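Should a chain be cited, it is by its letter among A, B, C and D, assigned in written order, with residues numbered from 1 in that chain.
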Amino acid sequence: MLTLDFHPTGRHFLQIPGPSPVPDRILRAMSLPTIDHRGPEFGVLGHRVLKGIGQIFQTKHPVVIYPASGTGAWEAALSNVLSPGDSVLMYETGHFASLWNKMAVRLGLKPEFLGLPGAEGWRHGVRADMIEERLKADTQHAIKAVCVVHNETSTGVTSNILAVRKAIDAAKHPALLLVDSISGLASAEYRHDEWGVDVTISGSQKGLMLPPGISFNALSPKAMEASKSAKLPKAFWAWDEIVEMNKTGYWPYTPNTNLLYGLAEACDMLLAPEHGGLEGTFARHRRWGEGVRAAVKAWGLQIQCADPAVYSPVLTGVMMPDGVDGVDADAVRRIIYERFDCSLGTGLGKVKGRMFRIGHLGDCNDLTLMGALAGCEMGLKIAGVKLAGSGVQAAMDYFGSHPAPVALQKAA
Amino acid sequence: MLTLDFHPTGRHFLQIPGPSPVPDRILRAMSLPTIDHRGPEFGVLGHRVLKGIGQIFQTKHPVVIYPASGTGAWEAALSNVLSPGDSVLMYETGHFASLWNKMAVRLGLKPEFLGLPGAEGWRHGVRADMIEERLKADTQHAIKAVCVVHNETSTGVTSNILAVRKAIDAAKHPALLLVDSISGLASAEYRHDEWGVDVTISGSQKGLMLPPGISFNALSPKAMEASKSAKLPKAFWAWDEIVEMNKTGYWPYTPNTNLLYGLAEACDMLLAPEHGGLEGTFARHRRWGEGVRAAVKAWGLQIQCADPAVYSPVLTGVMMPDGVDGVDADAVRRIIYERFDCSLGTGLGKVKGRMFRIGHLGDCNDLTLMGALAGCEMGLKIAGVKLAGSGVQAAMDYFGSHPAPVALQKAA
Amino acid sequence: MLTLDFHPTGRHFLQIPGPSPVPDRILRAMSLPTIDHRGPEFGVLGHRVLKGIGQIFQTKHPVVIYPASGTGAWEAALSNVLSPGDSVLMYETGHFASLWNKMAVRLGLKPEFLGLPGAEGWRHGVRADMIEERLKADTQHAIKAVCVVHNETSTGVTSNILAVRKAIDAAKHPALLLVDSISGLASAEYRHDEWGVDVTISGSQKGLMLPPGISFNALSPKAMEASKSAKLPKAFWAWDEIVEMNKTGYWPYTPNTNLLYGLAEACDMLLAPEHGGLEGTFARHRRWGEGVRAAVKAWGLQIQCADPAVYSPVLTGVMMPDGVDGVDADAVRRIIYERFDCSLGTGLGKVKGRMFRIGHLGDCNDLTLMGALAGCEMGLKIAGVKLAGSGVQAAMDYFGSHPAPVALQKAA
Amino acid sequence: MLTLDFHPTGRHFLQIPGPSPVPDRILRAMSLPTIDHRGPEFGVLGHRVLKGIGQIFQTKHPVVIYPASGTGAWEAALSNVLSPGDSVLMYETGHFASLWNKMAVRLGLKPEFLGLPGAEGWRHGVRADMIEERLKADTQHAIKAVCVVHNETSTGVTSNILAVRKAIDAAKHPALLLVDSISGLASAEYRHDEWGVDVTISGSQKGLMLPPGISFNALSPKAMEASKSAKLPKAFWAWDEIVEMNKTGYWPYTPNTNLLYGLAEACDMLLAPEHGGLEGTFARHRRWGEGVRAAVKAWGLQIQCADPAVYSPVLTGVMMPDGVDGVDADAVRRIIYERFDCSLGTGLGKVKGRMFRIGHLGDCNDLTLMGALAGCEMGLKIAGVKLAGSGVQAAMDYFGSHPAPVALQKAA
């Protein structure tokens, strides 16, 4: 029998920016017996999850559900609308934008990678003005797609997608808008239709509170049209057969049934009117972000995101101060893990060792965050980091004086 | 489908002094299919749990496992060794000692209820000297049993049981020693054989980390001998048939199979050598008690237990200051529950409304306690209670500077 | 980690007459986190299960729910309405009636044990005429209660409780009517109020499809009145405090919370209108009994119950033929267990080794029974028992030509 | 809350040839909390599942585990070793071979589809002689890979893979051997290294007893070498980064953690020495196939597989007789589902409506199969199909006289 926790007792604080903690309610749903994916019960399930996930993406168009983790959905988005050698404009918000760019190269596309220079560039959101300028210069419309990350998981920056849409429109450019909202969806505000996104990519293990293993492409009619002539080879990822067969509530190949059980439950939880629906979900995460940032500021440490307009409600990146001898961010993380049974996100790519990330996404609440912040504060001190003040105190001040947006549901 | 949490998201902080949070590992064990309690697999299970629970009680003598909650085990202890009209000496440590006393009356016994006067009396442990004095006065040996509570759940006082044993011995009195360690067992140090206890009563939903529904009588040879002539009617609670049949690993009537699965798992967890075994378990709870009391002191509030020698490692009672207009302890508890999704124990009996209780028993860890303390601190402030300082800060200072006694287990 | 199945693969066929297989839906409900039994969510749960269990018993009067297994509920019924030395009239339907009689003796009552002589006596239901005759002779009304078993689990005989009620009435006798329907409730038709029962005892691990550990006393106003003057000592079992506190949805002492989650789910399942409600449940069990008895008859073996009017819909006792050299019923059971991973009930008491029992209670369906009957048929042949014909064939003939009473629910 | 079973009570008989029933033990493992896939516990898990799955494939070379369902692993195998326009030789064993062929076309390969003509062709295994002949004719070695299905799930034919290997060798042809053993692995004998397979594709939801959502490519050194120069675009499916990073126990992108928990458990179950290890697993499935085929023969119906040498131990295809007026195989399946809560596999592609499939893979046992066969027999009769005799009787005769290969494990 597998033993997965090296700590003697109590519940692990999983405060990485995904996978987020899976609520018991979802784990229980996932433990329902696997059924025949060609049988009558399955069609009921299929219709239900397709309807629910559409509401989460805020779209009336098809959402393709892949029995594959999020990286696959990146590939799916590119493969369905692009052809070998196509130019695409990507924007470097951080490590995940860089990985997506690397994938585009690997698939035989020609990505151009916009962005501000150096590690400092990773502290800002997408510059819609730079995109507009670049598209205006592309008078031949060689660029087939603009690819941006909504919530950059490696930094804690949530870019303004509507601004990117407006930039493309202002440039009168026909490029498709492809957006990765793997870590943003269902925590940060997101409106696929209203914001004019052509393909939104997302995954299960963040705001949807599911284990990893299921991912999504939300489509626009324009993207579906583009997919008819796109030439990158595709079979598993091909939208056409899936969208067609989904009309009946079924899939052309074996879906991952038990994760769909979890997805049905997750949609019920996220959309529950008594908790304010999707807007209530967004409001809760905004508030948690505020509280955590209050703590970081009180410690006297820098927030990775340098622009308050694009602070992430999903996670907060915390930069290590200079001059802490021999102690990088990962050493602090290790102390917090070993001493206090709390996992934090590591610094990735350009910022490795120089920052750590606190997740406040998915199934969270005030006291869980208070526990995590206490773990951070104790761990930073043990590591010898000088703190300006108590972040825990600041977070208590914030949470104590700012009630959650939707009041406690009383028993019926 | 039952929805049991009125809060929109995150995990409830169940910080009452029992039922304590049931670890997932135990919930999973309990979900094994119910088997034939007369079949071959059951005998293996039976032997296993009987061996394990003996180690938890630190006894070589039989432990009777009842498919009934803890109140039943109180009745079992009295019914098996006493006869109608027998005199028993009980000691009033708090609300649960009072309930046990009430039960003795109801069963037709004649309990005498020792103790210090008033609510102030509930702030101290058992006075072994008073018991010794009373027994010496009972030259006719009318008193058949001395009944004391080891860890008084209503107050957070852990009495010295060995001192009571010595008092009885010093009085050269033949009375049996009956001890309620319902909330103490498997969190606070307890040694049934070494301390010369005749019957120890315990339950599942505290240190054993199980749901309520299973309870225990640990026996001594003297208690078993007494049970042969005791005259209170008993059938369900009768030790004789159970002890006899347990030799084969089975029970005379239907045991509660799925809770026994959980008990097997709980014993494995509590006795795990890599986490320091039972002594490691005790050490962890002592440390948590220290941290929580540091917080209460920093707030400038009174700890219910007035004697540091008998501070409980299981729970801490926190007294409300005088002069907080119109806000009693239960109003504070309600704020903390509604705003921060944390349950605390109410004041019971004589101290109703005047104190609340923080549980630090069972499946706990530092950050869970930090979250709970943050909830308390924010809730107290919202309620208008003036605090001398930050208890959260004090607890962080303690936990940060006092590593847990058994180091993190590294992966094999 | 506990491994409870000695077979390499597949699901065990638990065909004993209880504990019955616990549906996954109930196991999942039971794995919800244990909550504060004094908190606001608990009151909602309490009201819900108390309402549901009343519908199952078909009573408008209180049902007391004990956190204890069924044997305890026997004691509770006796203790609440009787006084030391009281005469009670019990009827020997089989092994469990005998155990209840033994308990009455142990509690200091004076039971008189009616019944037909010998093992043959165990093949018939309660003789209401004998009860009437005996009560008429008790002109002084020394008999305080009549105690009968509704569905005798050791034999597969379901007695006519309404006939017993009429017998007491015909004798114009004031004795209370106490009925054990531990294995009958929620499988065999049962109407507490309509049949004029004063106390019905039941348990969780049979028709209610729960693990063992929770049990019931359904009351009548007359029983509640009697309890006020009854003198047997009682505390844990005392109805008064429980009934009083249940009005608020709470219990005076710690209830077994997680089994109550399961009970809420069980009530939903048993009462579901789309499956015919409680009447649909009874009809399904009657049909399964018919199919199993068709098999036994085709084998040329005797059904333990000699009177078709009282065949049990819960279980069927199968008598071994004479003259099978050296092979008793338990040897056959062992073969079936070892070779085919199927548990059957053993012969108890007077019929030990001479019969085995096939459970068809709780969470069952046609093919599960067909599998179990195939296991029996193969096992009997391997053991050398000569069979007249194929019981499996007979059961298929029956089930194939008798559709289940409530049609398959179509997807909404 | 999702309700997935339209039947009122009892457990569904999921007798389709996959997804197979997921054992509770695996569902429980999958419900462990999702952990940080970059944390220390994860590395332990990673090494463990990689070791275990290698033993299941019987290979010493890398096995790539994809967080995607089986269709994805087909694409992965092709994408990693082939270039656009490459010729591949595929063999039409049935519907799944046809789908794989269709995928190859879609990916821009040039598959040649060998096979016997018509629906009759689907009743036989791969003709190694035809492959040898074709390869010998390919003197220019234009054919880059031979693709065959080990166990054809649509027909119940298990081809001889070693014979295909020998055919390639006899032709002295350098083509890679790609084998789909999605439904064969862990039920039918399979030896990746010994049989000289270059890429074996498999999935989770068949012999591995997991829900769908995880799939595999087992590699050979020759395949890994070929992947370095293959030109089909690949990123998510690319072996190189995964194989490299797996050396540390981790994955380059988010793996599906909770299914890996299940995989660790499945490996433990399948390899358990006390149940005969992998050979014991194969022997159990061979025996179940024998019993089921005995039933089909006794009914007087045709087995889809016309060649006893390649009967599948995983599933049995049952052909409907001619001349049953207006009742095709799917009508029979519907009756069995609605009346007896049993799912059977439908006829796919060329044999739609003309046959149904009985799965005997994964977590199965004798009585489950007896129940399923009884459901088939009753359903066929209700549908008006004339049967020559009782298949249920024939299966009982077989199972009763052929004990399972590994004896019951006795309690330690």
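Note that in this section a residue touches a chain if its C-beta (ideal position, glycine included) is under 8 Å from a C-beta of that chain, and two chains touch if they have at least 3 such contacts.
Just so we're on the same page, UniProt names per chain: A, B, C, D = Aminotransferase class V-fold PLP-dependent enzyme.
Keep in mind that what you see is a predicted model, and the values were worked out from it rather than measured.
Trainee: Check every other chain and keep only those touching both chain A and chain C; list them.
Mentor: Neighbours common to chain A and chain C are B, D.
Trainee: Between C-D and A-D, which chain pair is linked by more C-beta pairs in contact?
Mentor: A-D
Trainee: Counting only C-alpha atoms to place each centre, which chain is farthest from chain A?
Mentor: Relative to chain A, the chain with the farthest C-alpha centre is C.
Trainee: Measure off the straight-line distance from the CA centroid of chain A to the CA centroid of chain D, and report it in whole Å.
Mentor: 35
Trainee: Just the number, please: Cα centre separation of chain C and chain D in whole Å.
Mentor: One centre to the other, that is 44 Å.
Trainee: Provide the list of chain C residues touching at least two other chains, using ranges where the numbers run on.
Mentor: 1, 6, 11, 21, 24, 28, 31-33, 40-41, 410-411
Trainee: If you look only at chain C, which of its residues touch chain A in the complex?
Mentor: 1, 24, 28, 31-33, 40-41, 43-44, 410-412
Trainee: In the complex formed with chain D, which residues of chain C make contact?
Mentor: 6-11, 13, 21, 23-24, 269, 272, 274-276, 280-281, 284, 338-342, 363-368, 370-372, 374-375, 377-378, 381-382, 390, 392-393, 396, 399-400, 403-404, 406, 408-411
Trainee: Where on chain A is chain D touching in the complex?
Mentor: Going through chain A, the ones touching chain D are 1-2, 4-6, 11-12, 14, 16, 18-22, 27-41, 45, 48, 66-72, 74-75, 79, 84, 103, 106-108, 203, 205, 211-214, 232-236, 238, 253-259, 261, 264-265, 268, 337, 343, 346.
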